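Consider the two complexes below, in which subunit A is the common component and subunit B and subunit C are the respective partners.
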Partner chain A sequence: MGRYKIGDRVTVRDATTLFHTRTQGYARGSTGTVVDTRPEWIVPEDEAFGILENGRHEPFYVVRFNQKELWPDYTGFDVDTLESEFSESWLMPAGKERK
Partner chain B sequence: MGSTPTQYDTLQRQVSNLNPVDRLLLDSPYTISNELYSVLRHVLHDVGGQPDTPVPFTEKGEEPWEMNTYVTCECLGWRGVWNSEERRRRENDLGMTQYFGLPYYARWITVATKSLIDQGLITTDELGKKIDEVRDRLTKRKK
Partner chain C sequence: MSTTHGHAPIQESGQLSEFEVLELAVRELAIEKGLFSAEDHRRFSEWAESRGPHGGSKLVAKAWVDPAFKERLLTNGTEACKEVGLNWLEPTGQGTPSDYTFFYVLENTPKLHNVIVCTLCSCYPRPVLGMSPDWYRTPNYRRRMVRWPREVLAEFGLHLSPDVEVRVHDSNQKSRFMVMPMRPEGTEGWSEEQLAAIVTRDCMIGVALPRPDWTAQQVPSQATPSQAKGKGGRK
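On to the complex of A and B.
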């Protein structure tokens, strides 16, 4: 099983990416809650280049963010949320961010 | 499309509509800043949060060529030729002008073609010949 479980608070890494990634710019550095888990799969950074047999497999997590925390000028409701999926290496436990 | 002088003028006119008039001239400069480099290699499909003007909502049905493209690409995936993540990566690799210039499924079929060529499953001249053959057939039919 993966490192995180449902309910864990996680922060999305803001790492340098070259050529392809699924980790949205707006999510980087943001903190959310794990609301679901996905089975292990090849990370997009390998799958996108056709590296399948030797591709790195990782668990994926569905992370829920508050819209107001993602967008500084958000004009919707306080309860609005956004969910996205990340492979495990893109996440770190919340509160452990580099200051 | 080729690049004879007249066609070049046509291309110039078309492309001039894609960018604002006032912009930094990007004509293979000798040096650029790190900041500009990071902007230039931004992954194109990641558009969330980018400023934009309101877009009118139109209910558009799918056309046969669009569904044919979809089914062809899915079959290629099913037969292990490629996968949807590779498709997305190849769409990003088209570069900004083609990525935002082509219709959605034209992006799909363009990158499917490139994947087949990269893997040596078809050749560019083979495909060119086929396109000419089909074009001739359709032109004759219209006459």
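On to the complex of A and C.
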């Protein structure tokens, strides 16, 4: 079982961009809601370097952002959203850190 | 020089990228080591490049006419694909590289429009849609679809009402997505085959909506009246 459940508010960590992370620059520091969970997978940081058998496995989460939270100058409408997936270590409970 | 040739000399267009050079080098090594043969490689490439969007069209058309199948498709996309003869593990037993087997179908509703993009590279549900269109892989589409989705959709000719939620799916990990558009009016009583013809690639990426008078092969201006009503075949 992962740390987060559907409905939780989470913030994407703004961690180091060294090597391969698959966590987009635009999502870092942004807050959204967990809308779905994914099976445990090997994290991209290990998979990218072929550390397959002993690589770190983590639960992954689908996070939905309001576009207006993601882009302060968003030109669409309030209803618009964006979803993407993050491994558990890239997320933290919302409110722990400001963007 | 009286017989001037009517155009400038033909040049090799562009140089190989670093990644292409790397792929060639690794491929040659793998062939030398006997991991696979040059023919295996050629056949796999041919197989991969001959996938089209028809599998996706079949999935959507079947879901439109069969609510139980639609439920299965939305619950477990990879399994439901097998019902129309699509196995995500083909042709290697592990799936094609980078496609994996986590397939999710995104259902459009009157209040929700889905669209897919991969900002990091070009992740695309190849087993059901084939190779992605060139524009899908361009930095321009990838960068702008997440930030200005309504503007980009408008450039494709798709204008959505302000009360319709535009939901962009940035396919950044192992999941692969496909959009299931709403069945358009004017298709009542159509067969699955007729319906599949109007579910084009772009409708399943989410940059277009299906129309009863428009298939990938035929635009409305060329359609005969009977075909526009969906009655005739393509004879």
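Criterion: the second predicted complex is superposed on the first by the 97 of 99 C-alpha atoms of A that agree within 3 Å, B and C clash if a C-alpha of one lies under 4 Å from a C-alpha of the other, contacts with A are read in each partner's own complex, and residues count from 1 in each chain.
Everything below uses one rule, namely that contacts are C-beta pairs under 8 Å (C-beta built on N, C-alpha and C of every residue); 3 or more make two chains touch, one makes a residue touch a chain.
Since the structure is predicted, the reported quantities are computational estimates derived from the model, not experimental observations.
K.L.:
Looking at the superposed three-chain arrangement on subunit A, would you call subunit B and subunit C a clash or a fit?
P.N.:
clash
K.L.:
For A:71, select first, second, both or neither according to whether it touches subunit B, subunit C, the two together, or no partner.
P.N.:
Both partners, subunit B and subunit C.
K.L.:
Looking at the overlay, what does A:17 touch: subunit B (first), subunit C (second), both, or neither?
P.N.:
first
K.L.:
Quick one: classify A:60 as touching subunit B (first), subunit C (second), both or neither.
P.N.:
second
K.L.:
Based on the superposed arrangement, let me know which partner A:40 touches: subunit B (first), subunit C (second), both, or neither?
P.N.:
It touches nothing on subunit B or subunit C.
K.L.:
After superposition on the shared chain, which partner residues are touched by A:8: those of subunit B (first), subunit C (second), both, or neither?
P.N.:
neither
K.L.:
State whether A:50 touches subunit B only (first), subunit C only (second), both chains, or neither.
P.N.:
In the superposition, A:50 contacts subunit B only.
K.L.:
Looking at the overlay, does A:85 come into contact with subunit B only (first), subunit C only (second), both, or neither?
P.N.:
second
K.L.:
Compare subunit B and subunit C by how many residues of subunit A each one touches, and report the one with more.
P.N.:
Result: the larger residue contact count on subunit A belongs to C.
K.L.:
Tell me which partner A:26 touches in the superposition: subunit B (first), subunit C (second), both or neither.
P.N.:
Touch status of A:26: both partners.
K.L.:
Determine, for the stretches 1-9, 55-63, 73-81 or 91-99 of subunit C, which one clashes with subunit B when the structures are superposed.
P.N.:
Only one listed stretch clashes with subunit B, namely 91-99.
K.L.:
Counting contacts the way the document defines them, which residues of subunit A are shared by the two interfaces, the one with subunit B and the one with subunit C?
P.N.:
On subunit A, the overlap between the subunit B and subunit C contacts is residues 22, 24, 26, 44, 71.
K.L.:
In their complex, what parts of subunit A are in touch with subunit B?
P.N.:
So the residues of subunit A touching subunit B come out as 17-22, 24-26, 44, 47-50, 52, 71.
K.L.:
For the complex, which residues does subunit A have touching subunit C?
P.N.:
Against subunit C, the touching part of subunit A is residues 22-24, 26, 38-39, 41, 44, 60, 62, 64, 67, 71, 74-77, 79-87.
K.L.:
What part of subunit B is in contact with subunit A in the complex they form?
P.N.:
Checking each residue of subunit B against subunit A gives 41-43, 46, 48-49, 82-83, 85-86, 88-89, 92-93.
K.L.:
Where on subunit C does subunit A make contact in their complex?
P.N.:
Residue list for subunit C touching subunit A: 102, 119-120, 146-151, 162-175.
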